[in-house]
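What follows is chain A paired twice: with chain B in the first complex and chain C in the second.
Presenting the complex of A and B:
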């Protein structure tokens, strides 16, 4: 019997019709889907003995203690050592695998080499001046940067100051101590009068104020409602930019009520209160509360000499629960904003935020673990999360690198030819601070005196608000009928 | 007409045989374990028939998995007999301090997370519920690896049809879900998958 074409078709038809009643399509589909998970180019966690190691997070100055779950030499999980971590912290070990991870030197957006970067930096050093900018002073690496600046002619060491440190500069000027040594003893504070400071929005280091609040009472004086304002025990509405006016009004009220002794501001109580937009009775009540709820302290968002003077009058400077001085703080350094505008180059540590760079620097050498920003100048690949020894400037403790950085990555310390010094515990303790107010400060940090600032505060809403309304009314986006949609 | 029907039925029969008999034979390849291991003998000699005598749970609930070579070295610094398995263990792993590359019957894909602590401590499930009477065996079963997925045949189950002859057959998601449904524990995707 010779099979015909019709026989072959019948045979095939039978096979196709019944194949769905066999495991062939279903099992192969299942296996194929699992096979796609195991393609060689899909990253897989390494299999190996699981062990837990301890380290510290370097994402922010809080330096939270970490327990790192390691498998086969890789970090596969993170948890807090003494509590929870932030959302970013829990997944920080994944950041080293980000597609934008920087592993090649880049110059003006184009791939380059370490040799070219080193040659360019040496040339810049020879031509000078060059600034080494440290985003987190007080670390072991900071010592290397300082040493490099000291031994290199024309090199300068500068730091990035936090807004909290900046706000303490007027106090440092009155007390005659470096601002690096000052800090707020909020753990012992009963009441904080915040003048537009975002206390519950990340101010003063992650979680610090949140942990103390609401046991620590907050009174928020501000022009625009903030999240801190909504959570505060009491909120005082003031005019924009009138924080110094309120401070002066409070100083008058404290002196009038014999709750403090010291010099008076030149501006009268009524004038200051009017410029701040606060009723006299409310100012007096606020002053009485500040005096009754000691230890209390006044915190401003910006450096305000009037606020510093008010704190001295209140007795908050040098007192427990107020503004205190400590030893073991990092040595005084120039702020990046104080650097001359004629820099030949600036070397930025990987802790310097992307939006910060010295104004006027001709050439920028920025260390970063990930690509970002405008990529102008040199982008130098830095170690990523847990890939380099992690310092905690507050305690001097150092966690060694747990992960091996990818090829092509170099630390700033190695780039400068230095070596990370051995970890030395910092003996930090509060030291006595005596501060007396000889005369009420007259100049605001921006060069304006109180009246000019007050005038600015007054005309800003008076002029800008009608102007904004007019612009809005004339806008073509405004629907016909005065903003109401016609039926 | 009859002739065509015959060929059609031959096609049906051929593909049924290929699917139910040929596919399992073609799909799985038998691999040898690094050396022979006797659970029964170890349980008798150690005096502990409990699984967690060797397959320990850490204080933090993390399952240690297979014992490390250093655990074996506690008794096997020198060969305890003249068997080939004993010689391989001592010479290749104990003396070189290398971990034994066991072929794990229950290994799951990397996107699966499974907590032994929750199942054995909280749900009080016996190890045999999923692993069978592996701990009483006097010899290791042949390890059959799926040529496509790379995982053990135990994951799909011995039967290609997935008709379970015993309760612990199969370790696929359906099996987990079936047991959870039976026990009245609902779980979301991220309870087991990462």
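Presenting the complex of A and C:
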């Protein structure tokens, strides 16, 4: 039979129609989608055997233990060794490749050289005086800084105090011990009355309080609802800046209820409670709770003499679960804020936050792994995350570097011509501390001194948020100001 | 060869323990090779397989209360909406694990599943993943890089499940050790607000927590049987469970 034109058209039409009843179009669609989803420019993970190594996080003084997932010589994942890490910590291994990574010496915002920086620093040392500022005392590097300050005429060694240490200064003054030796024994605390302290937002090391809470009860007294206030067992609304007033009101209530003995504040209970914006009954109830739930401690965000005195009345100073003293703490040192205002130069270690610099220093040599801050003076590229040995000042343990730093990077120790001493275990133990309140301290006006606010905010901008945490910032979890909490 | 008993992996999130620190979100992004957010990304167009929402009771001053609600794929068990609507069979409910899996290689990017999902737990990948030069060396080798044009969601860190199964197989065991399989968000939670495990296992913590009188599920009235549970002792928080997102936003 001779095929007609009609037969050819029918066959063609039938073939086209029937192909939709076969897997062919779906397979083509499938393949096309796979093909278009695997372009050569899509990044691929590093190939190589995976192994886990142990290290320590250097982002903040907490020095959390790390388990580092390594592949092909790179860190490809992090997890906590003895518990969880903070939000910043989980993306910290990405930070070494941040576009703002500093690998070239910069002087007043312009590229420079190590030779020029060294010459400028030697000239400054010769003209003196210079200060070496250590953001995390008690490390092996701290010993090198101290030795440099001792052997260089006119050189000074100074440290940066954490907000927690700052808050303990009034207690140190009453107890007559160096603030470096004091600390909160929160692991044994039953109840914390927090006076606007950001306990669950990074205070005392990002994860320490989170691990202890909610077994450790928190009562948050604050003017503006914070994350800690959200999670606290109880929240007390106070007027802004009235923490010291509440502390004085509580002291009166403790003494009135015969729950403590000691001197009274000059301001009356009714006056203090009114200034704090808290009802008298609530003050008395709080005082009874503090006394009944011992060991309890009162923590303030700022150094408050009234809060220190309240802690002494409460019996929290020198008691288990309160404010305790320990041996094995770093040797006392001058705070950066106590440095003279006529410094020729200041050398800032990479652990010093960007927003901190000695007032009045003519020239600043700042070590940093990432660009940031005002870039005035010298910016000296330092090793980044896991690129240098990390010492834990509390234990003396040292985690060796796991990653190779990029070319052009130098440690502060190498810049000073020193060598990192061998790690030395620290024998740290709680020692007896007796403290008696002879007279109620004069209550300083409770204004915003700005220092604690800057410190509370320091760790986030100081280490330059890795890109992964951009998600965290964009999630609107953090308060306005890029995570900077106003104290 | 022995095979594992069918499991129903699920999660219980104690909202009274969540401090909103965001570590779960960062850990999730790092584990699953989620690229940095595009400059034009919004909360809906960015990729956040785990997203912590901050919700208030609408009060002011001393009456204001807030809660942090980590929202992820609920791994619905009954007539899973995203599975039902997918024309490409790119979504499946794994009967062996109870995990709702997304297969990006099959996904055409039609986004029907996003429309069907009542929890807004699915995200379309609008942009090619890009990292700053060199940062691709930090990518997790256990997870493929997500490409543009597909829908993303939480898969309970499926790569970790594979690793646990490989480990069990290498040891000649049929069952994985529950301690070997924990999603990144669970591991990252400092307050241990997230409990994860097999809901079929009567001895598991997750099963006990899911049956606690304080536990509830979001939009349970839809009948999709989500396997992510929440817990809270606060009445107003439990009251949020059946409210739509718009209602919650309005407070």
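Here, the second predicted complex is superposed on the first by the 372 of 487 C-alpha atoms of A that agree within 3 Å, B and C clash if a C-alpha of one lies under 4 Å from a C-alpha of the other, contacts with A are read in each partner's own complex, and residues count from 1 in each chain.
In this text, a contact is a pair of C-beta atoms (placed from the backbone, for glycine too) under 8 Å apart; a residue touches a chain by one contact, two chains touch by 3 or more.
Quick caveat, the model's predicted, so the values are computed rather than measured.
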| item | value |
| --- | --- |
| First, second, both or neither for A:45, with chain B first and chain C second | both |
| Touched partner set for A:98, first chain B, second chain C, both or neither | second |
| Touched partner set for A:78, first chain B, second chain C, both or neither | second |
| Touching partner for A:86 - first (chain B), second (chain C), both, neither | second |
| Partner chain in contact with A:34 - chain B first, chain C second, else both or neither | both |
| First (chain B), second (chain C), both or neither touched by A:234 | neither |
| If touched residues of chain A are counted for chain B and for chain C, the larger one | C |
| Chain B versus chain C as contact partner of A:123, first or second or both or neither | neither |
| Where chain A meets both chain C and chain B, residue numbers | 30, 34, 37-38, 44-45, 50 |
| Residues on chain C engaged by chain A in the complex (per definition of touch) | 16-23, 25-27, 29-31, 33-34, 36-37, 41, 43, 46, 48, 51-52, 54, 61-62, 64-68, 88, 104-109, 128-143, 145, 147-150, 184, 187-191 |
| Chain A - residues contacting chain C, complex | 29-30, 33-34, 36-39, 41-48, 50, 69, 71-72, 74-80, 83-91, 93-94, 96-99, 200-201, 206-207, 210-211, 213-214, 225, 227-228, 230-231, 235, 237, 467-472, 474-478 |
| Interfacial residue positions of chain B with respect to chain A in the complex | 3-5, 7-16, 18-20, 23, 27, 60, 62, 64, 68, 99, 109-111, 146, 148-151, 156, 160-161 |
| Chain A to chain B touching residues, read off their complex | 3, 6-8, 10-19, 21-24, 27-28, 30-32, 34-35, 37-38, 44-45, 49-50, 52 |
